[in-house]
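The following pair of complexes shares a single chain, chain A, combined with chain B in the former and chain C in the latter.
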Partner chain A sequence: MAIFSVYVVNKAGGLIYQLDSYAPRAEAEKTFSYPLDLLLKLHDERVLVAFGQRDGIRVGHAVLAINGMDVNGKYTADGKEILEYLSNPANYPVSIRFGRPRLTSNEKLMLASMFHSLFAIGSQLSPEQGSSGIEMLETDTFKLHCFQTLTGIKFVVLADPRQAGIDSLLRKIYEIYSDFALKNPFYSLEMPIRCELFDQNLKLALEVAEKAGTFGPGS
Partner chain B sequence: MSHPARRKPEYHKINKDLFVLTYGALVAQLCKDYEKDEDVNKYLDKMGYGIGTRLVEDFLARSCVRRCHSYSEIIDIIAQVAFKMYLGITPSVTCNNLSRNEFSLILDKNPLVEFVEELPAGRSSLCYCNLLCGILRGALEMVHLAADVTFLQDRLKGDSVTEIGITFLKKLDEKKYRRKK
Partner chain C sequence: MTVHNLYLFDRNGVCLHYSEWHRKKQAGIPKEEEYKLMYGMLFSIRSFVSKMSPLDMKDGFLAFQTSRYKLHYYETPTGIKVVMNTDLGVGPIRDVLHHIYSALYVELVVKNPLCPLGQTVQSELFRSRLDSYVRSLPFFSARAG
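Up next, the complex of A and B:
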């Protein structure tokens, strides 16, 4: 999947919509017997691998599921503490799924408002007056594209660095927002978008963008 | 003036009469609900405001207009692009005030009043198309421009033309940073 996520940020910097569309890349599920040869530690309400990288399980990966059931932060689905559970030999053999920890929705909210501030700083740092804010942020694994409308709403797309046509995709998302979110009479402006049609059409647009690579004038 | 959207805009057509009749039914019902003309005008303006705040994004998404740097540019875009896109008419623009923030749009054709002959007795200060004023006010506010929009002249009230006056008030400050408009 070349387009990883879409974020929509309102005028005040609050996240009003978020979509992750990447398939989880590195996830590994293995059955273990006592004693566990990985060193686990608790960090930020999650159980992470601190040492003992092997077989696709890397340092920094979090425990995602135990015996097929998704964990809840540092507790198992049954409410027991993971570290305690795994230190008890009676619970073995156990099957644990490790993977890159996903961002929680609170973290996403925080990152969105941080980006909103950085966007503003971007336009202030400019030597020219009337500059736009941050339009693209590039790293070695993804490119973040941002489009701010004249009304202050920001559409942010994280995509593969080689993916082309993100500009047209951003304009297309703006159209979809103006159609399915704004024209819904029960949607209040600046509030989180919970419109089915918006979701569906957005996913469709992402698929088209990935396949076509670009929205040409003929499409 | 920038060109229309890179993709051909999809306009789903509906019957104009249906739209005009719907608007007429709206005004007629408001007249039944409220005795005073000022109340009807006020509620039309309020409804228009709600429409304008949403319609502006649709307009900006479809028309790809660039950021404007003066009030006269904005008025030109409203008259030549926005009115054309939504009502199919192109009002003419005049500037009323030397300090360049009072403008008028003169509508020679107004599709909304196609079937209205004259205002009913006792409703002489009704602004039939006040929804348009609300729409313009709401749309301008979403792009951080406070404006006063009223009907200066109205054919339905006996004037020779229909004139919408737009007065730009001070620019609304965006909280964290100022963008040049």
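Up next, the complex of A and C:
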């Protein structure tokens, strides 16, 4: 499993479809006694570690669960504020799970339109004539592949850096989009895709691509 | 294979150095504006990538490519950014960008008391050494540019 997620962005930069196919778990759970030796702060309605990186807990990680109960934004499962809850010595010892904060749907919308602009700037700053926008963006943890159709729809796939065969997957997704979204009489152009057949076939294509992609060196 | 151009930014976004070799198209805006646009794009890519990443990152953003060129990015812990645009045939060149930073920028600019930091590099020695280093790279083609 090494395809992380799929985004479909319309020609205006709006996110019209998003699927998280696989999210690697990078979480750390630990039991703490009072006082807490980490500095936590509130950021974007989430409680993040600001200082005190150790044992797999890193700065920027969010509080995901307290005593095995998933938290809800800045509130615990039973509706108390996390920061307040953790400042009360009576609640200790407490077991907290930390991990990378999950993207909210608002953030996904924002990131999709951000990529839309980066794509355009990438082509403007080109040192060569007739360049497209960003087709592949490489980092040490993932590769982002983008395919823009002639009509301006962008298909974006985030995958493991070693996953092969993404180019054919992008074209396959375009085919699935044409077959199951565009040909669906209830689908209106440029609007979010809510088609069951599109969903099913996309998931199938991702599975096939994951199995077909080899993980040999240099692939 | 060929090298198009090279940008060097400091942590505040000042373009310390710019040079070009085989650049066939200009951005169509004044150079100062182009540096700002480039720095702004890299800044956004960095924040974009750190949000999108499914795992914690070490080096972060490395490179992107379009249909015509590839942009290689290297950032030091002090925020100096080395950006090189090449054609698509060039593989990972982190070591080359690191060399430009450690053996050229640090040695000839940081250690030179006559070069004020945080401003465009005026040193003629740095320019010529950088130029000859880039021209000596195996992927720098001798095609007329």
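Note that the second predicted complex is superposed on the first by the 207 of 219 C-alpha atoms of A that agree within 3 Å, B and C clash if a C-alpha of one lies under 4 Å from a C-alpha of the other, contacts with A are read in each partner's own complex, and residues count from 1 in each chain.
Throughout what follows, a contact is a pair of C-beta atoms (placed from the backbone, for glycine too) under 8 Å apart; a residue touches a chain by one contact, two chains touch by 3 or more.
Fair warning: this is a prediction, and the values are worked out from it, not measured in the lab.
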If you stack the two complexes on chain A, which partner ends up touching A:Leu111: first (chain B), second (chain C), both, or neither?
-> second
Just chain B (first), just chain C (second), both, or neither: which does A:Leu189 touch?
-> first
If you stack the two complexes on chain A, which partner ends up touching A:Leu125: first (chain B), second (chain C), both, or neither?
-> second
Thinking of the overlay built on chain A, is A:Leu150 touched by chain B (first), by chain C (second), by both, or by neither?
-> first
On the superposed three-chain arrangement, identify whether chain B or chain C touches more chain A residues.
-> C
When the two structures are overlaid on chain A, which partner does A:Tyr17 contact: first (chain B), second (chain C), both, or neither?
-> neither
Using the superposition on chain A described above, determine whether A:Ser178 touches chain B (first), chain C (second), both, or neither.
-> first
When the two structures are overlaid on chain A, which partner does A:Phe198 contact: first (chain B), second (chain C), both, or neither?
-> neither
Looking at the overlay, what does A:Ser168 touch: chain B (first), chain C (second), both, or neither?
-> first
On chain A, the footprints of chain B and chain C overlap at residues 117, 123-124, 129-130
Sort out for me which residues of chain B touch chain A in the complex.
-> 5-7, 53-54, 56-58, 60-62, 64, 67, 142-144, 174-177, 179-180
In the complex with chain C, residue positions of chain A that touch it | 4-5, 23-24, 26, 58, 60, 100, 103, 107, 111, 114-115, 117-118, 121-142, 144, 158
Which chain A residues qualify as touching chain B in the complex?
-> 11-12, 117, 120, 123-124, 129-130, 149-153, 168, 171, 174-175, 177-179, 182-183, 189, 215, 217, 219
Residues of chain C defined as touching chain A within the complex | 4-5, 20, 22-25, 27, 34, 37-38, 40-41, 44-45, 48-49, 51-69, 71, 85, 87
